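Below: one structure in structure tokens.
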Amino acid sequence: MANVAEMRVIVGDRDQTEAEERAEELRILEALLFAAEEPLDEKTLAAPLPAGVDVHALLTQLQQDYAPRGVNLVRVAGKWVLRTAGDLAWLLTREAVVSRKLSRAAIETLAIVAYHQPVTRAEIEDIRGVTTSKGTLDVLLETGWIRLRGRRKAPGRPVTYGTTEAFLSHFGLDALGDLPGLDELKGAGLFEAALPAGFEVPVPSDDPALRDDEDPLEPGDLDLGLVPPTDRAE
Amino acid sequence: MANVAEMRVIVGDRDQTEAEERAEELRILEALLFAAEEPLDEKTLAAPLPAGVDVHALLTQLQQDYAPRGVNLVRVAGKWVLRTAGDLAWLLTREAVVSRKLSRAAIETLAIVAYHQPVTRAEIEDIRGVTTSKGTLDVLLETGWIRLRGRRKAPGRPVTYGTTEAFLSHFGLDALGDLPGLDELKGAGLFEAALPAGFEVPVPSDDPALRDDEDPLEPGDLDLGLVPPTDRAE
Amino acid sequence: MSVEEVNFEAELADRATGEPALVVDVEGFEGPLDLLLTLARQQKVDLAKISILALADQYLAFVEEARKLRLELAADYLVMAAWLAYLKSRLLLPDPPAPEGPSAEDMANALAQRLRRLETIRQVAEQLLNRPQLGREVFQRGLPEPIAEIKRPQWTATLYDLLSAYASRRQTQSRTIVRMPKRSVWSLAEAREAVERLIGCSFDWSPLDQYLIEYLVEPSQRPTVLASSFAAALELVREGRLELHQHAAFAPLYVRARAQQSESGAAPQSGNG
């Protein structure tokens, strides 16, 4: 019994010494990799280590040690380098807000959506008298100020557009009904006096409930990649 | 018994979730610190973390985690930065860019600026007992370790000098209070002697706020072509 | 410039014998205070207990020696020499009954204090320089990963932009609708429909003009009607439903329905354009 216990102690000591040596070797590799200005090959990494050390095994262990961390040890072209963990790449980006003005076409389209919603692209084009490019509607969807409402019950089942809460908030409106009517627009000098008989500016409403002539959107409609900002804004 | 067991399970779950969150927060800090080019303050480090997280406690833990490693987390100038462990200098010195060797006059002048700041050239000369050549101060300004602070409210309105964050970072100091031998100097009452009568300044300070006896620099003071590195460092 | 070559061993030897060595090498000193400090160190006592009188003597001896050797001493050294000579005389003579300014004792203490201060600053400078320095003993990340900037547009528009754009577009459009001019272009589809309808099943050659005469009432319409109906006729020929015939360039065009139309018109590809 005594012998076995003795042996255990000796083995324990040797194990401990080995573990300490190994730890020191790992420290050396860590420091080299950290300070390096380029990925390092195993020969370079082995240079300061005692001869006969299995540098590849050490690196593999270091790689495992770092695997769950915010920084990983990766192999690039046969060399080793420390890199930010892939799932944390977002940390290394910074959003810079760039102020951009909407194009004239976009502003007109937005105004038409606001006053005439729910409105289809064909109707917008009819009111503007020119073709509306897809890009214009995309930009507006990106602003988060307009959204897809539903589909018109009509041939082709075109998508209907409406404004969002973000629209109200950006333009400082309490409710869509606060958009000025024809008389107010005239009063503000935005319309000239000479308008054809029967000319009207609709009383806008952004009631989210679908109209009688609207169908709900289908699941696929929202997967266009156009709508996320709208969704977020809501 | 059943209740107690149940409770234990619930507590265990919560502990586990907390531990996981903590691990993720540590990963984020780790990634930021590894990627950074310069020391980061706690505000910057806290930015990507959930609100209310005790970033200081996390950093202290990370510092402990890294203490036995080849790379250490250290505080310099009140900020956090990863650096290779000091005892591994032998490993990396080979690769070090040979830093400019400062003259004895420059080293003494740097120490006087560090320990006696804010200090004027006349005060530096008083301590050293010799005229300080303009070149000596220029060399130090070039290193980015000292900077023009302001002008002393005294006849001739001499420029006052102080150290920069780059100085702290280079010498691995968290704050001026960590300067070696500061207590000796304090105990020997060696600060007062350097100062004109009436100003009692017991310890050096690199507080960017001007002292009562300092005026701000004038626009022309900074156009000497000496200061850009200093300015940048701050 | 030195009387005795300074070297470390020599200095050690001097210290060992306890005889202060006088080394005249002005270039090696950073000014008179540095020289004084070096001389003071050779007294091998705590700077606080230093004999200023002895120090003054040593300094003056140094300057004397330098002068003998016709060394050019900087003004700083000479000023210090004059001051020390004065201090020495004050120290040796009893203080006058009503001393003006600091006493000789005070002056000596002030000098000792200056020397201590210089010595201390040198010690801390050394400690500072012995700290691990960035890029010398400790290193930062060799491959920092830069922060990428993602530009996120923040769209701007004012309510005024919105309303004025709306009003002006509606106004413009309202005008265009009211003053819609008569259609001035005959579309290809219209022309085709007309030609098909007019020719019907006529298998006799007839001039194209004749069929179109009713559309030519307004002279301004003439070019577009002709162009469109000619193009439509060519298309119908290609589809094998019409035949065209012309005697010469600019001669009247003759047109007739093609006989084999009965094959349910299913030969659109067979036409020879």
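Labels for the chains are A, B and C, by order of writing; each one numbers its residues from 1.
Definition applied: a residue touches a chain if its C-beta (ideal position, glycine included) is under 8 Å from a C-beta of that chain, and two chains touch if they have at least 3 such contacts.
Keep in mind that what you see is a predicted model, and the values were worked out from it rather than measured.
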Contacts common to subunit A and subunit B (chain labels): C
Chain separated most widely from subunit B, comparing mean CA positions: A
Computed distance of Cα centres, subunit B from subunit A, in Å: 37
Cα-centroid distance, subunit B relative to subunit C, in whole angstrom: 26
Residues of subunit C whose C-beta touches two or more other chains: 139-141, 145-147
Residue numbers of subunit B (touch at least two other chains): 34-35, 82, 84-85, 92, 95
Touching residues on subunit C, where the partner in the complex is subunit A: 139-143, 145-159, 161-178
Residues on subunit B engaged by subunit C in the complex (per definition of touch): 34-37, 81-86, 89, 92-93, 95-97, 99, 104-105, 107-108, 110-112, 114-115, 127-131, 169-173, 179-182, 184-185, 188, 190, 193-194
Contacting residues of subunit C [partner subunit B, same complex]: 30-34, 36, 76, 80, 113-114, 116-118, 120-125, 127-129, 131-141, 144-147
Interface residues, subunit B side, partner subunit A - complex: 23, 26-32, 34-35, 48, 68-71, 82, 84-85, 88, 91-92, 95
